[in-house]
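The next part holds the structures, each set out as structure tokens.
Both of the next two complexes hold chain A, though its partner changes from chain B to chain C.
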Partner chain A sequence: MTQSVPDRVRNVLSAVLGVPADSIGEFASPQTLEAWDSLKHMNLVLALEEEFGVSFSDEQMLEMLNFKLIVATVQEILGA
Partner chain B sequence: MPRFEEIKVGDTAVVVHAITEKDIQRFVDLTGDDNRIHVDKEYASHTPLKKPVVHGMLGASFISTLIGTKLPGDGALWFSQSLEFLFPVRVGDVLTVRAEVLKKHDGERTLEIRTDIYNQDNQKVTAGTAKVKVYEEEVPKDAPPASAEQTQETALVIGGSGGIGEASVLALAGAGFDVAFTYLKNEEKAAQIKEKVEAIGRKCVVCRADVADEGQVKALAQTVERKFGGLTAIVFSATGKAPAIKFGALEWGEMQRHFNVHVKGTFNVLKAFVPMMESRKYGKIVCVTSMYIEYPSTDLAPYITAKSALNGFSKALALELAPKGIRVNMVSPGMTETDLVAAVPQKAKMLIEARTPLQRLSQPSDVANAICFLASPQSDFLTGETIRVNGGQTMI
Partner chain C sequence: MSEKLSYAQLLAANGELGKKMSGAPYKVSVLSNVMVNQFLEFLQYSLRRRAINVDVKFGNYDNIVMESATIGDANAVVVFWELANIVDGFQYKSETMDPELFESLLEKVRGEIDRVIESLQGVSLVIINKFSTLMFNHSFILQNRFDYAAERLNEHIESRKGPNILLADVDRVIAGVSVEKSFNPRFFYSSKAPYSIEFFREYSEYTAPVFLASTGRTKKALVFDCDNTLWKGIVGEDGASNIQMTAHSKDGAVFEEVQHLALGLGKKGVLLGLCSKNNFEDVQEIVAGKEFVLKDENLAVKKINWNDKAANLREMAAELNIGLDSMVFVDDSDFEAEYVREALPEVAVLQVPKEKYSYPGAFRDGMGLFFNRTITAEDLNKTEKYRQNAAREQAKNSHASLEDYLRSLEMKIKVHVNDEKIVPRMSQLTQKTNQFNLTTKRYTEGDILNFIRHGDRRLFAFEVADKFGDYGIVGLCIIQNQNGKSSVVVDSFLMSCRVLGRNVEYSFFGYLVNYLRNAGVTSLQAAYVKTPKNGQVANFYEQLEFDLSSASPDRKEYVKNISATSFKPVDYIEVVDDAVRA
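Up next is the complex of A and B:
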């Protein structure tokens, strides 16, 4: 069964940040997850681009402030 | 409400009412006058009038409101009325009923009052003269002396049917205030809010008023004074739609529309109500400004400019009215979840939430709680102050 966009984003975050997927809530952000620093954020952007086969603009990268916004940004690009 | 002795020849009063289809239906239900010229569009279209005409006596019934509640008010016994119906009234017309005292007969305690009705185009639709006898309440000899001290706290919320307005009306009622509030269009919602206030056990007065119109504000002041006898607090939460418009496409009319609500409306209301507060040497005025005056957002120049003007006006009055015991403070909300922001894209709201230290948008109740504090005696040592209800987005 195809995974939903939020589940796929959660799995990417879990893999990049090294935290359990079930610890990533809707408002997970660099303020709530210690592992989510600026370097990891860049890795995260690259991993998301690979996972979804998309390319984020500078503005979209700046808007990825928490899990919910990453999902919204990906859905916006995919037209989901 | 003036006593008979205080009424002078030349005294005036007004009542404003917008005629609706519902008014026609109620009048038909009450009187049984379902003449097709009033209720049947098809029938009326085949007459020289082309469209249904409002019952003349429906419009004229607001003369009764004027005489019974304003000039002279309680104790008035109407014993004569002449009427001439000069111009047809239609559904949607806004009628202004004007009364002016023409003669006063002290011995008989009677008044002769000109009672004319005008439509929104200032055309006189009805002319007439009323004769009224004025009775006064007989006070029992053992009644306690009337006291000038007002004990019940009362508040007026301008724009009480909006999101923040409704929350403020209910919070003030919950805090023990009797509440009057104005609305502009949403009569049904206003009636629902009134029911909620009365369910809390507080008195509620609802007035339709465009506060940019001085005449309507004067009528509002007469109503509030009559019902409450005075006023403790005034809250300005009226606002209009604030569409995003680039400066290149902006017309002055849009700027003026915002100034009418936020500045002219506030000016008119304070002109009418501050004297009531001055007489008590106490009053609380609370103006709802906006986070965007300190943290501007693009394409909102009319809204931001008018709210900034309101901010300046409030501070100027805080200084001037402080010696009279009247405090003027502001509540500055961030984006608040009301109908006003319903059209803002979801992602834009999520971005604001993410950039807010407390990680959510403001709720109307958050703003109302701050308003309630500023209306209460707990904030008596604050004036010219702003409470920023924005979850920590601006820290100044």
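Up next is the complex of A and C:
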């Protein structure tokens, strides 16, 4: 059972922020989700790097401003 | 060994576990001079998984000294004091700093360490990480000033630490993970967060035994299967002369090593036993042989028969007077290991790895379950005591009535009042006693010493001996003063199961009441606080004819006017004490 990149990102976000996966929409961001503070963002980066076996550059980390952009960044690194 | 969850999986599992926890929270405060916020969930998960309902609080970043002064009622404190951040960039500035400034900085940190140790002396358990330079200096051949600073500061903590402080050797954690994977340079330079999630995962496992011990969950007994667990081969099939368990034999070296490791635990007070499906005579032939390291005199209990292992383990727990959750069972068979896990989920099961060369390492990992902060003289003699017990049990059968038997034992109780020499044993009794324990309050050595030196409490520890031998210090009662002299509270009363059923508790209580009355006490308050294990003392105070003043399902409160009553002494037990009377 292979999950799509958006589903995997959504599950990681849900685990890190402690919110239900179905509450995370396309444009979920630190502005729309109260739990998504700067500390949680660091945890999120670490969890995503482990989940996908990747390492984000500083620029990429700055671009990961909402759910959709995170998915795009991951897909870009994976070359998908 | 548990499977390794990814960070996201662990966060999700931790959230689920958190919803299921109940009972009084175990409060842990984390103080640090760097960012360690990922540690929160690793610590929570590690302890929740071990049934500790942990409540973790983080102090303000880089404020260890001030935070330690306002720590409140934490049960435990963990201190991450990172050398590289004692001043910004110390990992490189240490080399170029003016020597006087360098020395005065060390002096300042020593002073801070003293203040933190002082502030935290009332906390039961304080884990302070040793200063480490590995993350920055791992490839250096020559020692530099950064290393020098770590050594001096570690020496300083070592010289100042009280019994409540445990210095955690972070280098071992880093070695387990690797330096490269422990250090997160990206977040160190951007956010002062030097440790990786792998580091925290390993650190939480490394420190877990300490928390288990502090919450009274140390394992007490280690029970081995025999064939292919203590030796290579099946004695019933291969014959005693063809099994292997020495370093000289082809496949025996790992078994000799495990037997020695087990014997080492036995010498520290862990009870050892055998539980094997075999003919008794076959196994006994090996046990009596000179190659067998564990030897009969080190084995507190043996079940060599064809009964099912869960039933045998249950009987062993009863004979040793310990709970099943205090037992660790080692077996090579998938069937037996699974069966015991299913039938007795409280028992920790270590399965012998399929690759035998992994066995000593896996066994060493499991040895953390027996972590004990203090080893006392009583531990060292424990196996001998259980063997004496067996002799007593035999004597019991030859006496007509229990009372005749008890009379024949010539029991003596010696009470130690506020005795600083036995602080480790008193602390250990509070940590390890579960069954005969009226309030089940756990105290560290630091707590006990505080009570004696500064407190409003009086501590009565008692030794028991009889004609068969010495039990050592087996009971403790802590009396807390109320306002004024005339009313006191029994804060704790507990007794090791080794002396149950001999009326020692009644004899001691008679002594205690007389002692307190002579000291001007007229009223005694007491409580029974229910736990999953102390049902046997639920009516202890009723038996002593205390008056019930309030009762809820989990707690009963009592009061007893002792100005007039005298407890009838148990005439066949002699009681003496070491109290200095005015």
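The criterion applied here is as follows: the second predicted complex is superposed on the first by the 80 of 80 C-alpha atoms of A that agree within 3 Å, B and C clash if a C-alpha of one lies under 4 Å from a C-alpha of the other, contacts with A are read in each partner's own complex, and residues count from 1 in each chain.
Rule of thumb we're sticking to: a contact is a pair of C-beta atoms (placed from the backbone, for glycine too) under 8 Å apart; a residue touches a chain by one contact, two chains touch by 3 or more.
This is a predicted model, so every value here is computed, not measured.
Aligning the two structures on chain A places chain B and chain C next to each other without any clash.
With both structures placed on the common chain, the touch criterion links A:Leu65 to chain B but leaves chain C unconnected. Once the two complexes are laid over each other on the shared chain, residue contacts for A:Glu76 go to chain B alone; chain C is not touched. Contacts of A:Val12 after superposition: chain C is touched, whereas chain B is not reached.
When the shared chain is aligned, chain C comes close enough to touch A:Glu51, but chain B does not. In the superposed model, A:Met42 makes contact with chain C only, not with chain B.
Once you line the two complexes up on chain A, you'll see the smallest CA to CA distance from chain B to chain C is 22 Å. Across the superposed pair, chain B and chain C touch chain A at no common residue.
Chain B makes touch with chain A in their complex at residues 346-347, 350-351, 354-355, 359.
Contact residues of chain A toward chain C in the complex are 11-12, 14-16, 18, 39, 42-43, 46-47, 50-51.
Only residues 27, 29, 63, 65-66, 68-69, 72-73, 76 of chain A touch chain B when the two sit together in their complex.
Here chain C touches chain A in the complex through residues 6-9, 11-12, 15, 37-38, 187, 191, 193, 196-197, going by the rule given at the top.
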